[in-house]
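Chain IDs A, B, C, D and E follow the sequence of writing; residue 1 opens each chain.
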Amino acid sequence: MKQVVSILLVLAVGFFIFSALYFPNQGDSAFDSYGEVDLDERVSSSFIDKNVTGENDEVVFGESANLEDGSANYVTSVIVNYRSFDTLGEVTVLFISAFGVGLLLSGRRKKQAFAHQPNFILKYGARLVFGIMVIFGVYMFSHGHLAPGGGFPGGAIIAAALLLLYLADNDFRAKMKAFKVTEGIAGSIYVILGLLAIVIGGYFLMNFLPTGIVGTIFSAGLIPIIYVLIGLKVGSEIAGIVDSFLTVEVEK
Amino acid sequence: MIQYLSIALMLVGIYGLLSQRNMIKLIVSLNIFEIGLNIFIVSIGFVKDGLAPILTSNHNSSALLYVDPLPQAMVLTAIVIGVGITALALALARKLYKTHGTYELDEMEGE
Amino acid sequence: MGISIGVGTIIVGLLISAVLAYVLTKINKTTGAWVTVLAPFLALAAVFLLRDSIGTTYSLFFLEFELTEYGWFFSMIMLLVFACVSFFNVYWMKKMVHPAAYNMLYLLALTGTLGAFMAKDFIGLFIFWEMIVWSSMFIIPFGKSRKASVVYYAFSALGSLAMLYGIFYLYNAFGSFNIQEVLKLAATDTTAALVAFITIGIAGMVKLGVFPFHLWLPRAHGNAPDTFSPILSGGLVKAGGFAVFLIAVVMPSYEAFATQLQFMGVSITSYIFILFGAVSIVVGTLMAIKQDDFKKLIAYSSVANAGYIIIGLAMTDALSVGGAFMHIFAHALASAAAFLAVAAVSHRTGTTKMSELGGLIHRMPLTYLVYLIAIISMAGIPPMAGFISKWMLFQSMIDNGMVFVATAAFFGSIGSFLYVFRPLSAVFLGQLSPKHYKVKKAPVLMMIPMIILSGLTVLFGIFPNIVLRIVSRIQTSVGMEGLQFDGTKIIGSNGSLDPTLIVVIFGIGFMIALVIFLLHPKSRKVELMDTYTASEFIYTPELLHYSHSFYAPFERLYKNAPDTSKWYKAILKKVSEIGGFVSYAFFSSKPRIVVFWIVIAMVALLWGGSV
Amino acid sequence: MTILQIVEIVVGVAMIVFGILAINTKKLINSVIFLSVISMLAVVSFMLMRAPDVAITEAVIGSGLVTAIFVFTLYTTKKAGEKI
Amino acid sequence: MNPALLIAAPLLAAFIAVIFKKIDKVVLGVVAVGNIAYSIVMAVLFTGATQIAIGGFAPPFGISLVLDSYSLIGILLVNVAFGLILLMGTKLVGRYGIVLAVSLAALNGIVLTGDLFNLFVFIEVAAISAYIMTTMNKQLKHTFNYLILGTLASGLLLFGIAVLYNMFGSLNIIDIASKLAISGVSAGAMVLPIVFIFAGLSVEAKLIPFGGWVRGVLKKSNSLVGPLLVTGYAAAILLVFGRLTSTIFIMSDGLKIALTVVAVATLVLAEFTAFSKKNLREVLLFSSIAQSGLVVALFLNGLTVAAILVLVNNVVSKLVLFALSAKIADDTGTDKISELKGVFTKYRVLGVGFTIAAMSLIGLPMFFGFVAKAQAVMSLFESGNLWLPAVILLVSVIEGIYIIRILTTLWNSGKEGQVPSKDAQKEYKLNGFVKVSIVALVIGVLIVAAGILPITNIKEFLSSDFLSFITRSMGGV
């Protein structure tokens, strides 16, 4: 009975959503249907041409230089430059929820013991993979402005590497204090950079470093720096979460 | 097409929230809802025959047709927020499990 | 003195003395209480002296006052009551938990009434009106009941918020807060007049305690501290008369509703008000007869008397309005005196339950006399002031041919004999309860105000024209016909009344009765417990008390009449139940239930939006 | 209808089916696994919509990490001797 | 003056505090005081409405903060409320200093931001901090409930925002509003995003039937979390409501009626519920839900000024009432009204503060609440609405009844039917109530002052532009 009611309700909501979005009864719904989007009507067209602050017609990979934003990856340029403030909020979300998880699952903790003792090969193999993963993660967040990826997945990969160590070695326990310090410092530098921008350029979180040629590694001004900070921060936060979840409270 | 299905996936998530009373199931439902929402948002930015929004040596000019990067940025944010909330919810669930010995909300004693 | 006395000065003075009373009471309780005695007296003198400057406007910071004829009249009544009652405060200081707060709030209530009567604009009126409400609301729980204060506030809030609705409605319609101006304008617009009449009328009815808003009276009056009951009954309640006067007379309601269906010489709207008045006379009388508690009895009698007042005001002819004013005045004096007598009794015996009292005439003869005069006036027997007002009201009713209302009014008058006689016999006559053998006379300071009030009642019963001339001037000041006099005679529509002559005749009759009484052989005194039945002594004095089941046969007649308080209780219970349901249904700790409501609401909104 | 559109529909329908399965299945661990499958399918759909950044993030964070902490939660709260 | 500092400073504080754990309370205190000072300075130096771009990208493209008299009121309210709550509940902060700092940043962000997606992010930050804070009450089941509902709500909000972005290609609120005006999108097309945004915000704004989480979470909350959620959070969310309704909510008649019905139903039903409750915090809780309903109803009818006044009154008086109630409950172990008879006879200053706040809440004249109520009723009359003032005034009667019930019980110790006496008094012991008393008293004085000032010339006040009135009285232009 309850299920039937739930299904009916959900169907009712679905009916209204679909009828409002795709079958408008009066005039045009103004809702662009899937794929039929004209970017020129959206703010994003300026993000693609990178002409929010100045005049710029075309960005050419490897040629255009000193634009308002030097990232070849448009998503990165939106995240770290045009809408950097959102990203600050976003890392705060992760920061605060990691902190909350830590608070909830606090107390003297020990690692959750697994039923099977991992063998030698697994143990040391994992360490090897750990190194590779960390390098990959660092690569990812330092090349966020050129290739897909960026700080968030990069940081998560580093955390995943740590997770691997946790799983592969029953005795392993990372030093959480170090992660806390990393996350705090990374976050602080992010905010301080933003505040510095007020002093230098008059706007909070402004990209005050010069941007090079689009498509080169040192091309996007602050973007790589911030993405590295985000990567470190996200990595240490997720590591904190993983640590909290992989440990249990010590019974008194 | 995927847009319609993403809305349907959101509705499946809401259905889960409506019908389930197990904490883990509720968190799963919430995640399903969020995934549906994320796909919906990305689909908003999709342009037919558009390129992935990255300048590369192959697609080296902004004059080409790209998909909208802004919804993608939004979704990136939404995913990370979702993880934060899921982690918090699971921590709560674990804590509650410890005191009540169950994940079923209806079986928990007290108010 | 450089300061000229004006309304502003009086209000500020009272506010300062309120603070002063608080501070002084903290230091010394009696000193503080004396402030509450002095302040009303000074204010009384000041307002009396302002008689010549009626019509002047005063301003105090942002508030504007205008001394009108009727404002002055009401203020005088109020100050008289406050001044007299405040003597009692001195004796009550030791009995209070918050004496300082009591004294302060007491004076604030006085300030509130004066401000309300003299306010020039509606905002001032409302501010002071609410000041009366909350100052008395905080005093009432110092008595026996916390609930009474909540009930009092509930009704008062209903009234004052109705009034607020009316005020803003009128402001929106006419762009002004000025009372006189707005009410004159409202009379030209039937809808606005109707809104004003109903909203402000409700405020007045609540304060007066007219049915169906009468329930707070017995609770508040019955449970308030003994010194505050006379204020409530004699003073604050009369502010309701003021509000009704504003919309019935100052706003010429007969003009405003001239286009309405006319009924017995008044418009249907006014007639409905009159009907409520009639009902409250009946209800008040019947309920008063039932009461065992002395204070509740007088409270219900106030309900009945409020009925007369509202009938008089709503009929809006010269005689009826004059009668209503006289009644406001007479009843203020009488009920204050009666409550003071109760307070004196309570001060000496510690109770106000009639079944526990009896025979106090031997111990407190003067109090007995005061009470006697008060109830005679309330019952409307010559030669007291209450008689004059009732006579005028009856005249007017018969004039307009209001048979039903007149019947109710006559019933009330006869019923009042019943209920005023009961406490008289139960408290003062009969045998003294053994508990009270050692009761002493009321203290001198208590006697002063009681005698003043009784004296005035008698005085204005004999020479009512002193008051009625003022009333006549009020009437002409608001643009209606004044009362007619001929020497000591009051000219009614179908006959005239010469109170002085009546007093003379009455005096002769009284003398004859006195002579007969004195010639009659003395009866032997029997003590209450000096009896036995079936050769057993009885030790419970209550059962032997002859006011026990005093009107039992009569009460049985209307035992099953509907109880109004049940209606309100039912409403509040419903509110509570809905609240409980909301809390249970919507504020669940189960996510799925709340999600259910969210989804339902969204479907409803989406549906509503697409309509 | 191009092949990509067919893939889109298949992925979408599969997600809904797995969604219903995840909600209605009895065992919690299955529920979590189905969620992980949905997440993976979402990655595919992101790729189809030319969103590589989102796809990578969803793969690493949404699919990997979330599943991991779900599983750890279930693992740490399982009763002795019970299989998750 | 860059308002971004109001957000950046608490965030920086939080990040620093995570490195140096020991100083988190100090940092939090400094930031709270700094934010108050900074917002006051901003209010004083305020010259005119501007949008401040973040990152140097002009408004429709980048994120911008809106600085106008509306958001100024918001930040003043939020920061001052936060500061006072912190002052009263310093001892309870414990390990939650970082969370509090983040929530302060988020609240400022919610009030200031002019960008829809940014709004979503800040609402999430605020919500997550709220989830974590409510774990302080040890009512984890209810926190879980809150978390699920809050997350669903922000999902709905995000859906609405996404639809709006699709329709208008922009996330900036002002930009969308201007595009709405030009493009002539029909009201029918706006129904879907409006309903989703409304639903999303209503969960946080606690409207019935959306805010089901609130009772469980707040009825046992301590004197830090409870007041913060009831005042700061409510203020921020309701102000967002106002900003959205006055800009992008182009409603069809049917939708407007439907939304108003929800708001008014909240007002009425929540007052009924408050009336039926016996515990101090629960009563106040439902009373603030009712006030939220009233504020939203006023916003929906386009009466921004009245709504803000009611909101300010509610925040200020609830701040005192809820903090004192929670304080009493923390120390005596109960907040059942009948078990707290005569508690104010010992703590008179507390009582006076409580009484003033309560009377302002009911809307008695000479208190700020009257000004708010007068403005609400008056402006409703002006807009030709005759039934809503009647509803507002009728529910004020009910509100008055339960508030007076509380006041008379808490001031008088005796049993029903007896004259209160000193002997019958129960002994109550409150710890460190001095700070609370001072705060309560100061706010009380402010309430009275703010209540008398406007009625000095009520006619001008009612007809004047309130925002200019406020800025004038704050010393601005």
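Heads up, the rule we're going with is that a residue touches a chain if its C-beta (ideal position, glycine included) is under 8 Å from a C-beta of that chain, and two chains touch if they have at least 3 such contacts.
Because the structure is a prediction, the values reported are computed rather than measured.
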Any chain that touches subunit E and subunit C | A, B
Looking at mean CA positions, which chain is nearest the middle of everything shown?
-> E
When the contacting C-beta pairs are counted for B-C and for A-E, which pair yields the higher total?
-> A-E
Mind checking the centre-to-centre distance between subunit A and subunit C? Centres are C-alpha means, answer in whole Å.
-> 74
Distance from the mean Cα position of subunit D to that of subunit A, given in whole angstrom = 19
Subunit B to subunit D, mean C-alpha position gap in Å, rounds to 10
So what's the Cα centroid distance for subunit D and subunit E, whole Å?
-> 39
Among the residues of subunit E, which ones contact at least 2 other chains?
-> 117, 121, 124, 128, 131-132, 135, 141, 144, 148, 152, 165-166, 171, 188, 191-192, 216
Listing for subunit C: what residues touch at least two other chains?
-> 589-591, 595-596, 599-600, 602, 606, 610
In subunit D, residues with contacts to at least two other chains | 51-54, 57, 61, 65, 69, 73, 76
All chain pairs satisfying the touch rule are A-B, A-C, A-D, A-E, B-C, B-D, B-E, C-E
Residue positions on subunit A within touch of subunit E in the complex are 16-17, 20-21, 24-32, 37, 41-44, 46-47, 52-53, 68, 81-86, 88-90, 92-93, 95-97, 99-100, 103-104, 180-181, 183-185, 187-188, 190-192, 194-195, 197-198, 201-207
Residues on subunit C engaged by subunit E in the complex (per definition of touch) = 61-62, 95, 97-98, 123, 126-127, 130-131, 134, 137-138, 141-147, 149-150, 153-154, 157-158, 161-162, 164-165, 168-169, 171-172, 177, 225, 572, 575-580, 582-583, 586-591, 593-595, 597-598, 600-602, 604-606, 608-611
Touching subunit B in the complex: which residues of subunit D?
-> 5, 8-9, 11-13, 15-16, 19-20, 22-23, 28, 31-32, 34-35, 38-39, 42, 45-46, 48-54, 57-58, 61-62, 65-66, 69-70, 73-74, 76-77
Which subunit A residues qualify as touching subunit B in the complex?
-> 2-3, 5-7, 9-11, 13-14, 17-18, 21-22, 32-37, 39, 42-44, 47-50, 58-62, 72-75, 77-79, 83, 86-87, 89-91, 93-94, 96-98, 100-101, 104-105, 146-148, 150, 152, 214-215, 234, 238, 241, 244-245
Contact residues on subunit C for subunit A in the complex?
-> 596, 599-600, 602-603, 606-607, 610
